[in-house]
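What follows is a pair of complexes built around chain A, which joins chain B in one and chain C in the other.
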Partner chain A sequence: MFRLPVSKIDDLFGTIASSRTLYLPVDGNDGRAKYDKWSEGTKMSDKLNTVRSAKSFFFPQTTNICDFNVNGANVEVVDIREESEDFVVFGVRACDARSFTILDKVFLAEPVDSYYATRREHGTVVTMACSEPEENCFCNVFGIDAAAPEGDATCWIADGYLYITSNNEKGEKFVESISALLEETDDSAVKAQQETIHGIVEKLPFGKVSTDHFRKNTLLEIFNSEKWEKLSESCLGCGTCTFVCPTCQCYDIKDFDTGHGIKRYRTWDSCMYADFTKMAHGNSRNAQMQRFRQRFMHKLVYFPDNNNGEFGCVGCGRCLSRCPISMNIIKVIKEFGEE
Partner chain B sequence: MQEMIDRAKELLADGTVDRVVGWRSGEFSYDITPGVFRSAEELDESFIYNDLCAPNLSKYLIKESRKEGKLLVFLKPCDTYSFNQLLKEHRILRENVYVIAVPCTGKIDVDTIKDKGIKGITSIESDGETVTIHTLYGDKTMPKAETLGDKCRTCKSKKHVVYDEIIGEDGEVNNDGARFELVEKLENMTPDERFEFWRNELSKCIRCNACRNVCPACSCENCVFDNPNSGIQQRAAVNSFEENMFHLIRSFHVAGRCTDCGECTRVCPQNIPLHLINRKYIKDINEFYGDYQAGEDAMSRAPLNAYTFDDCEPGIVYSRGGKA
Partner chain C sequence: MQSETLIPRVGVVTDIRQDTPDVKTFRVVGTDGKKLFEHIPGQCAMVSMPGIGEGMFSITSSPTNREFMEFSIKKCGCLTTWLHSIEVGQQITVRGPYGNGFPVESTFKGKDLLFIAGGIGLAPLRSVINYVRDNRENYGSVHIVYGSRSKDDLVDYQEIIDEWMNCPNTKVDLTIDREQEGWDGHVGFIPNYVKELQPDTSRTVVMCGPPIMIKFTLAGLKELGFVDNNVFTTMELRMKCAIGKCGRCNIGNKYVCKDGPVFSFDQLSELPNEY
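Right after this comes the complex of A and B.
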C-alpha cells in the first residue's frame, strides 16, 4: 500500500499525464460528472459516478471502421485505424470496473474484436472506492465490493490521503511510474474506510434484493410470464437505459454516404429500438413488450446461462436514475423475485 | 389523491370507463411510472398523485384510445394543452377518453435536488410549500420553489384547457413572459457565442431518442430517423454535424405544434436544455404572427398552417438587424 497527500493530487495527475493521456471524472458545465481528458487545472469530480458509464473507453458509441472511396468504377477500401495511444482512466468505480470483465467475455471471446482488444491493451484502469454509495447502488447484489474495486490499480481517499495499491502487472507498472510521489504505508486507514463503506452498503435500499429466482432454470417460465405486459406498458422505447448502461454491448454496423464515398462505422444499438432486430424477412420483435423483455432476459437469464451464472448487470443504478418513466431492472427483479 | 382514486373507482364501477391512465408509485416516493389501472384493487395498491408526478400522460392516449373500451385519464394543466394539440392532429380518439382535470402546483425534480449536492435520496415529501428530503446521510428541507424542474420553474398555465370534469379549482394562464427570459439571453449573444453554446450542449447528445419518444408532438408512426429509406437513418452519427442536425430537424418539425410541456428537457439523460430551442420558435411565432399557444384549443389553424396576407415576409430577418 502506498499513499500521497490529497493536496498533491495535481502533481499525481501531472505525472501520469506526462507519459500518456489521462481521463478522469470531471464536472461538466451543468455540474454533472463525465469522463474527460485531464489538462493542467482540471479538477476531479467528487460526484459518486458519471452520468454515462466508462465503457466508452473500450467500446465507444461510434467507431469508424473503414472508408470506401468511390471513384467511377473503382472502389478503394481505406483502413483508417490509427495506432492506439496508451491511456489511463482514473477514478473508475467498482461497478464500472466489473463491467469491463463482462464486456471482455463478449469482445475478447473468439473471434476477438480487435478494435476492443487494442483499446483494452492500451488502457490502464485505476479505480476509486466509493466512500458514499447512494440510494440506487446495488453492486453488492452482484458480488461487487464498493470498498475494494477491481481494476489494474485501486485507490481510496481517506484522512486527507490518497491510498493506492496495484492488483496486477499493469497496475504495478502504473504505481512504479508514479512512485516518486508515493510513500509506503500500512493499510489500517483503508481498512477503517472499508468498514465504514460496508456499513453504508448494509443500509442501501436495494442491497438485499434477491436474484435467486433467475438461477432456477426458469428461462421459459420467465420468458412467457404475463408480467412483462405490465412492466413494459409505459416504456417509451427510447435507448436511455441501454446507452447509460455499462454492460449493454449491442451494436450495429452502418454506412454513411458522404456523397463521394462511404464511411463504415460501428455504433451502439439498443434492443429498445423498433428496428433493432429488423432483417430482410421482417422483424421478430414487433411489440415494445418483446423488446423490453429482451433487455432484461439478456442481463438476468441469457447472459448468466452462457457465462457460468454471472449476471449482465453490475448494479450501478444508472438506469434507475435516468429512465424517463422510472422503469428499471430493480423493478423487474423484484416483480419476479416476489413469486 | 384519495378523491381521484374514489372518483376513478366510481367511473370503473358504473361502466363509464374500463381502465384508468394515471401514475404508479415506485420503490421510492419519487420514481413514478405512468400506468394503466384496470381495477379498484390496483388503484388502491399503487395509484399515486403528488408533487412528484411530472410525466405528461397525453401521449399514451394515442395508443390507449385506440384500444377497445373507454378510458379515464387524469391531466394536469400543461398536459391538457398536449391533449388538445393531439386532438387537433386527430391522434387521440376523443370519444374513448374521459378527462378529469387535476390541479398542479409545480412538480419537484429529483435531479434539481441532486444538483444541489444532496446525495442518497430515499424519499421526498412535500406539503406544497416546503420539501423534506430523506437521505442515507440525514434529512434536509428546502422551499419547494427551489426543487422544481425546468418545465415547472416558468409554468405557462395553471388553467386546464380541456376536461370532462375537474377536481379542485381551475387556475390562471401565466403571461408574465418569464419562460422566454433564457431565450432572450441566447438571442442577445453574438452568433459565435450562440453557436458555441449550442455546440457545447448538443455535443453531449447520445441519440437515445428519449426527447423524441416522450414528445407529444412527435407522433409520426415512423419517424424519418427510423426510416432506412430516408438516407438519414442513423444510430449515432459519424460526425457531429449530423448529430446536431437531429435536434434542429426535430424542433422544426414540431414548431407551431409544440405546447412547451417541457418533457424533452425533463427526460434528457445528458441534461441538454432542449426546450430552449422550441421556446425560441414559440417566441418567434408570437412575434411574427401574433400570440399563439399550441394546444389552447383543438380547432383553430396554427399560424404555420395558415396563410394570410398579413404574414411576415422572409425579409423580416433583415428588419431585425440580422439578429437571431
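Right after this comes the complex of A and C.
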C-alpha cells in the first residue's frame, strides 16, 4: 500500500499525463460528472459517478472498422486500424470496473474484436473506492465490493491521503511510474474506510434485492411469464437505458459515403429500438414488450447461461436515474421475486 | 495487428444465373481467381457492397466445388435489390465462413436423408445435397421434396432435372402451389405433399423454407412419427456482426450466426418461440 497527500494530486495527474493520456471524471458545465482528458488545471469530480459509463474507453460510441474505395465495378478494402496509444482511466468506480470484465467476455471471446482488444491492452484502469455509495447503488447484489474495486490499480481517499495499491502486473507498472510521489504505508486507514463503506452499503435500499428467481427458474419459464406485459407497458423504447448502461454492448454496422470513399462504422445500438431486428422478411421482435423482455432476459438469463452464471448487470444505478418512465432492472428483479 | 473478421475480402462476381423471376445465383471468387475460403454445408457468409449494405447469405454451392462459391439470392430488400442489378465482373466484399453448418460428417453419415425445401429455402440445402451427391458412398438413400409457388419459382430447376434426378439412390418429388400450364407434376402445398408421400420415419430430415411451411410440415412429420432430434433446419434472423457480438440474432441464449444457423427441432424446442 502506498499513499500521497491529496494536496499533491495535481502533481500525480501531471506525472501520469507526462507519459500517456489521462482521463478522469470531471464536472461538466451542467454540473454533472463526465470523463474527460486531463490537462493542467483540470479538477477531478467529487460526484459519485459519471452520467455516462466508462465503457466508451474500450467500446467507443463509433469505431471506424475499415474504409472502401469503390471505382466503377472495382472495390478496394482499406485496413485503417492502428494500435491504441497508452492511456490511463483514473477514478473508475467498482461497478464500471466490473463492466469491463463483462465486456471482455463478449469482445475478447473468439473471434477477438481487435478494436476492443487494442484499447484494452493499452488502457490502464485505476479505480476509486466509493466513499459514499448512494441510494440507487446496488453493486453488492452482483457480488461487487464498492470498498475494494477491481481494475489494474485501486485507490481510496481517506484522512487527506490518496491510498493506492496495484492488483496486477499492469497496475504494478503504473504504481512504479508514479513511485517518486508515493510513500509506503500500512493499510489501516483503508481498512477503516472500507468498514465505513460496508456500513453504508448495508443500509442501501436495493442492496438486498434477490436475484434467486433467475437462477431457480428455466429460461422458458421466465421468458413466457405474463409479467413482461405489465412491466413493459409504459416503455417508450427510447434506448436511454442501453445508452447509459456500462454492460450494454449491442452494436450496428453502417456505411457512410464521404463522397470520396466509403467508411464503415460500428456504432452503439439498442435492442430497445423497433428496427433493431427488422429485416426484409419481417421482424422477430415486433412488439416493444419483446424488445423490453430481450434486454432484461439478456442481462438476467441469457448472459448468465452463457457465462457461468455471471449476471450482465453491475448495479451502477444509471438506468434507475435516467429512465423517463422510471422503469428499471430493480423493478424487473423485484417483480419476479414476488411470487 | 491481429486479424479482424469484420474486415471483409474482395470477391469478384464471375457468373450470374437468373434462377426464377426474383432469385439469381451469383458465382464468386477472390481477386486471384481462386475460392475465397472453405466451408461446411450450411455455413454462411456476409456479402456486402460498401455503401449499400451487408447481409448474411447461405453458401449454396457445395464445399466439394473447389473453384468458386455460389449464393442464391432472392430480391427482397435494399442489398439484394442492388445485387440483382449488377453485371458479371462486379466486385463485392465477402467475409466468413460463419455458423455451425449441417453435421454432414457426423450425424448425417450413413443415414437415409429426407430433404424438404420450399422456395428459396432450397438455397442452403443445395449445399448439403450436392455434398452428399459428391460423397454418395457415405450416405444412404436420398429423398428430396421441393416445392414452390409455380414452376418458374423452382430454384435450380435445371440442376434438379439434369443431376439430382439422375443421381443413384435418389428420389426427387416436386410440387407447385397452383395448377399451371406446362406442368404435369404434383400440385399442392409442401406439408400435405410430405404427408401423402409417407416418407420412412427412419430418415434424417433436413428442412428449410418459409416459417409457415416449416410449422405445418413439422406438425405433419410428427404425425407420421418423426422425432424432433432427427429433424434439422437452418434459421435466418437479422445479423450485423455474424460472430455473436452485435446482439441481434439471438433466440434465447443462442445466436443464430454463431450457435446456428443449423438447429435440430429438439434444440429449438428448448428456446423461446421468437423467430
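What we mean here is this: the second predicted complex is superposed on the first by the 332 of 339 C-alpha atoms of A that agree within 3 Å, B and C clash if a C-alpha of one lies under 4 Å from a C-alpha of the other, contacts with A are read in each partner's own complex, and residues count from 1 in each chain.
The rule is simple: contacts are C-beta pairs under 8 Å (C-beta built on N, C-alpha and C of every residue); 3 or more make two chains touch, one makes a residue touch a chain.
Here the structure is a predicted model, which means the values were calculated and not measured.
Under the clash rule set out above, the superposition-derived model of chain A with chain B and chain C shows the two partners fitting side by side. In the superposed pair of complexes, A:C66 makes contact with chain C only, with no contact to chain B. In the superposed model, A:C271 lies in contact with chain C only, and not with chain B. When the two structures are aligned on the shared chain, A:D252 is found in touch with chain B and with chain C. Of the two partner chains, chain B is the only one touched by A:E233; chain C is not. Touch criterion met: A:V244 reaches chain B, while chain C stays clear of it.
Vertex at chain A: the C-alpha centres of chain B and chain C lie 90° apart in angle, rounded to steps of 10.
Once the two complexes are laid over each other on the shared chain, residue contacts for A:E83 go to chain C alone; chain B is not touched. In the superposed model, A:S326 makes contact with chain B only, not with chain C. Here the smallest spacing between CA atoms of chain B and those of chain C, following superposition, is 8 Å. With the contact threshold set out at the top, residues 252, 257, 269, 278 of chain A are in contact with chain B in one structure and with chain C in the other.
If you check the complex, the residues on chain B that touch chain A are 26-28, 31-36, 55, 60, 115, 119-122, 135-137, 200, 204, 206-210, 212-214, 226, 228, 231, 234-238, 242, 263, 266-267, 269-271. If you check the complex, the residues on chain A that touch chain C are 65-66, 68, 70, 73-77, 79, 81, 83, 106-107, 109, 111-115, 117-118, 219-220, 223-224, 249-253, 255, 257, 262, 264, 266, 269, 271, 276-281, 283-285, 290, 294, 297-298, 301-303, 305-306. Against chain A, in their complex, chain C makes its touches with residues 1-10, 49-54, 76-78, 80, 86-87, 89-93, 236-238, 240-241, 243-250, 252-253, 270-272, 274-275. Within the complex formed with chain B, the residues of chain A that make contact are 28-32, 48, 51-52, 61-62, 64, 132-135, 200, 203-206, 230, 233-234, 236-240, 242-244, 252, 254, 256-257, 263, 265, 267-270, 273-275, 278, 320, 322, 324-328, 330-331, 334.
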